[in-house]
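Sharing a structure, written as structure tokens. Questions coming.
The first chain written gets the first letter, and so on, giving A, B, C and D; residue counts start at 1 in each chain.
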Amino acid sequence: MALSPEVLAEMYRRMLRIRLFEESAQALKTEGVIPGSIHLSIGQEAEIVGACMAVERRDYMLGNHRSHGHPIGKGAALAPLMAELLGRRTGVNQGKGGSMHLADFSVGSLGESSIVGSGIPVAAGAALAAQLRGEDRVCLCFFGDGASNEGMFHEGLNLAAIWHLPVIYLCENNGYGATTSAREVVAVTDIADRAAGYGIPGEIVDGQDVVAVHEVVTRAVERARRGEGPTLVEAKTYRYDNHAFGLHIENYRTTEEREQWLRRDPIPLLRDRLVADGVLSDDAAKTVEDEARAEVAAAVDFARTSPFPEPAEAFDHLFTVPLPARTAG
Amino acid sequence: MALSPEVLAEMYRRMLRIRLFEESAQALKTEGVIPGSIHLSIGQEAEIVGACMAVERRDYMLGNHRSHGHPIGKGAALAPLMAELLGRRTGVNQGKGGSMHLADFSVGSLGESSIVGSGIPVAAGAALAAQLRGEDRVCLCFFGDGASNEGMFHEGLNLAAIWHLPVIYLCENNGYGATTSAREVVAVTDIADRAAGYGIPGEIVDGQDVVAVHEVVTRAVERARRGEGPTLVEAKTYRYDNHAFGLHIENYRTTEEREQWLRRDPIPLLRDRLVADGVLSDDAAKTVEDEARAEVAAAVDFARTSPFPEPAEAFDHLFTVPLPARTAG
Amino acid sequence: MAKTTYLMAIGEAMREEMERDPSVFILGEDVANNLYGSTSNFVEDFGKERVRNTPISEGAIAGAATGAAMAGMRPIADFNIAPFMYVAMDQIVSMTAKSTYIYGGQTKVPVVMRAVMLYGNGNAAQHSDRPYPTFMTVPGLKIIAPSSAYDVKGMLKSAIRDDDPVLCFEDGNCWFTAEDLPDEEYLVPLGVADVKREGTDVTVVGIAGAVPQALAAAELLAEEGVSVEVVDPRTLAPMDTDTILASVEKTGRLVVADPAHEVCSAASQIAAVVAEHGFWHLQAPIVRVTTPQIHIPFAPPLEAPLFPSSERIAAAVRSVLE
Amino acid sequence: MAKTTYLMAIGEAMREEMERDPSVFILGEDVANNLYGSTSNFVEDFGKERVRNTPISEGAIAGAATGAAMAGMRPIADFNIAPFMYVAMDQIVSMTAKSTYIYGGQTKVPVVMRAVMLYGNGNAAQHSDRPYPTFMTVPGLKIIAPSSAYDVKGMLKSAIRDDDPVLCFEDGNCWFTAEDLPDEEYLVPLGVADVKREGTDVTVVGIAGAVPQALAAAELLAEEGVSVEVVDPRTLAPMDTDTILASVEKTGRLVVADPAHEVCSAASQIAAVVAEHGFWHLQAPIVRVTTPQIHIPFAPPLEAPLFPSSERIAAAVRSVLE
């Protein structure tokens, strides 16, 4: 089923938002106004947006340490995300979480966890809740090639499989953990092959092609909505930057490899295709770009001018219902 | 390669030892002289002995909560095992471990752990030690169908696979966890299929046929010794008794199923075959049986007449090298 | 009024809450088969959807319970025996305990995680843990360790209704203690200690299975003319230390009996709080009666002396009266 | 003599022991790529066999290290950041810590498990843990938390030679503190506390990164005429409490500064030991300066005030002198 021009344009818009958001984050980090560490998803925008746009707002989503882009892919407002990066009270997590936990629950996020692989069983649980209530809701769970070596991957996928839970497990295989090649530490070439251990479909898709990702994930979503259970989707992709900002170890990748992947940068790839197919005129594309740029600039402004939380706020949100206050202990 | 009559007779001897040891344990538990819980391997003797006799004494082995039989399979003396069950100082673990930890390091055991699945990565480590030292030593690791759902299964097999570690992972698929059917909780029918997730061979074998198990495990051992890495072997078997002594829940299995498996009781199966093939005369078989019975009876005597450890011994073996004694803390 | 055991009380609490609230469900290994006797007829009455056997995948149990809770359900995750929680440690610490905070209150995590502590029965070092202190080091978890049938029923019901994660450590040595429970529904609030016996000479704080031992010690000592006040914090985190401090203010002496290993135990925490905030009321050292910092051995003659008994508690009380 | 940072000292300790003993090897995520700078040129000098990148499989790292140790090697397992140890919790507790005991001494487990504690740097709740108290609840582990370059080098070398499992918690806030280290080889024994500064009025026990803060507080207070003795236990389990008790006997006053969360902290344990065994020497309440029992928030204005600082320690010292 061909995608409408509106959907394709929206894909382009969201991918651009992510790219520009990340570039701003990089600049702000260089400037020193972002605390902690940041992990950029530049290069991975197609798999993020292709997957996120295959689900509905009501559907759940989980991300990880490299997930600035995922709430954006699912339609979140940019300003509270950017403010969170800067640790401001107006941040989507009120300054409690920061870069590794950017999570906008209003668009269906159930969190972004910086412990590798930890979201995988949680996603099964969210899907279980939907199943138990008979709701038409799926859960889309992102994780990396590195995460596919965690025990939680195995336990989560097995649980989702036996209970036919409506989850889409999307492995963002960018070829590397922090500085370790998947070839060195993942015993299979295609992580999708691991689906065989759970009796579920394992699909491989070109992660630089937003339409291809959208198609494969859409199929997985339909399967999930039909009650047939989870799918493991492996999107082959690449991160163009260091594992984390400022981590200058690059001895584990070749420049040729990077250049090869840069030639398949998902953003020009999509733009060229949309223009060539007459979906967007050059002018229309330009308008989308300008709008995205303005949106991100506004988010940066909002973030910069937002106040920090007060120290006493550190004590909020430990519990939803605090127990009676006591002297000590 | 056909097995020699001596080896076949030894297989029968060890299987009998296990069966009789377990029956004595059951009687002693009924009598009340064994503390804690015991998990019997009656019905699984063929896969235990077939696998253990495919490795050498120098090779490592790990068992689990249901592993009275495994050290016996590997040639351990019975008396210290029985004494351990009774918590005596002469026990193989000096009374510290009991039924769920019967481990005789002198025959290559590296322990039997009662945390489901926990031995799997430890086995990879032992094999790594052998590999690093260039020793011709493999590690045989037993675990159940239930354990194949633990994260440690996944992490351990992946690690063993990427480093080509000399391990044989032997899944004793007796169809059930404690009271839960593998059909209900293991997403695949054949656990051997999980090998695909690690790019290693996965073999299925009739666990009631000691010769078949021996053959498959021998192949896996040879592969490991050649430096080609681990194999996952799934032995289909059955435990005839409750999950644990005194646990009278049996609503999860049918009597028909049990009867069907009883018809393939590995001990008469082997005896009949040996007698039919002329490997053992009826008399010779009888002699083996009498000897095994006498050995187990002697072990029981030894255990019963052994002293308990002194309370102060509880403080031994916390560390190999205790730090300087302090007042407190 | 009917005599109800601690074990039965656990089942009653879950049953009542499952009847009351359709978002409550149970998941865990062998729960549908009623392994320990606390879910008799649950499958018949609530169906296998709400009484779910899981694979032996403790991390997935914790994670799935957490995810379901974040998505609006109220799961009760049955971990079987307490040390199996270690297998799920990261999920419990990083996800269950931290999500509400990290996301700035965008989500709540109303999950109950239950496990029994089996000790003193020859189960050896891997099955005999009393690991509540391990989890007390982690903020964001409410932790309860009831010592009576009345408390376990009322507290477990409160835990199931609570909007935060609650770990419930049940003491196997209390399983078969029975008492008359009210016919009408009742709740015991979380975070409120209970004075189990009033006294004037020495405060004994007991944790979980040490509470009945402390009460027995108090009986013994009463015959010697010593009046012991027994306080049960019941909720270990966040703990009602006010009640303990008030008792010490009255008695001037404190013994803490805790079946956990000594180091960083609940007993150590209570002693530290009193040495800081109740110091000026103390007339004697704070004595802890705990399990020595060794693993639990299998052989009964080795294991039996290790845990706080009424004799050990009584001896400690006598020592602070010297 | 050359100025060596704490971080460099870690590398030197591992390098010297790997040169000395071929059974020592390193495994962990990204270790071959020298992620944090403690394994510079290790691959070149020792080869990838002995400096092994692992998958992101913390349980397998712990388990494989334990198995290799049981089979006669001396692995150093690098867990990267301390909270990642939770993922391996069961392996560490059930296998690493318990095997020697359970098997009645048939095996030893000479493994070192290292991790850095990163806190105070905007790493948020999942990456900022100081989890040594969590592990102190577990018997069978030797636990060290060095606070200086000298100590970390000497203790890590002792740990690698030790026949028991040693967890080494390194403090990221000490990484770049430098000092002159001896050119000749030296060891610092495990289980021996160090009096970092002698004093007569108040004992301040500091843990890990709180030691430099305590020393800074002592400087401040010296100007006010207060003589502070600073004790660093260095080994947290089993702990040299004798040295602490001896110091309290001299000063009569105790403050414990510990970057861990308050509840069941090392500070609580030390306070409990002193309230029990040093009570009669105490002239004031034992004050703990710890991190409040909340998760570590991301925003710097929220995070910064939470940890023990020299100011907070000094204020606590003044409070026990009132």
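One rule holds for everything that comes next: a residue touches a chain if its C-beta (ideal position, glycine included) is under 8 Å from a C-beta of that chain, and two chains touch if they have at least 3 such contacts.
If you're wondering where the values come from, they're calculated on a predicted model, not measured in any experiment.
When the partners of chain B are compared with those of chain C, the chains appearing in both lists are A, D. The chains in contact with chain A as well as with chain D are B, C. A centroid comparison over C-alpha atoms places B as the chain most distant from chain A.
Mean C-alpha positions place chain C and chain D at a centre distance of 30 Å.
In whole angstrom, the spacing between the mean C-alpha positions of chain A and chain B is 45. Spacing of chain B relative to chain D, judged by their CA centroids, is 39 angstrom.
Shared interface positions of chain C, i.e. residues touching 2 or more other chains, are given as 54-55, 57, 59, 83, 87, 90, 94, 101-102, 124-126, 139-140, 238-239, 263, 269, 273, 276-277, 293-295, 297. In chain A, the residues that reach two or more other chains under the touch definition are 91, 93, 95-97, 101, 113, 115, 149-152, 154-155, 158, 162, 184-186, 318, 329.
Taken as a contact graph, the chains are fully connected, with every chain touching every other chain.
Partner chain A is touched in their complex by these residues of chain B: 149-155, 157-158, 161-162, 184-189, 193-194, 196-200. Interface residues of chain C, counted against chain B in their complex, comprise 29-30, 32-35, 53-59, 83-84, 87, 121-127, 262-263, 292-295, 297-306. For chain A in complex with chain C, the touching residues are 60, 91-97, 101, 103-105, 110-111, 113, 115, 118, 120-130, 132-133, 139, 151-152, 154-156, 158-159, 162-163, 316-324, 326-329. Partner chain D is touched in their complex by these residues of chain A: 35-37, 84, 87-89, 91, 93, 95-98, 100-101, 113-117, 146-147, 149-151, 177-180, 184-186, 247, 249, 251-252, 308-311, 313-315, 318, 329. Interface of chain C with chain D (complex): residues 83, 86-87, 89-90, 93-94, 97-98, 101-102, 124-126, 131, 133-134, 136-140, 237-239, 260-261, 263-269, 271-277, 279-280, 282, 284-288, 293-295, 297.
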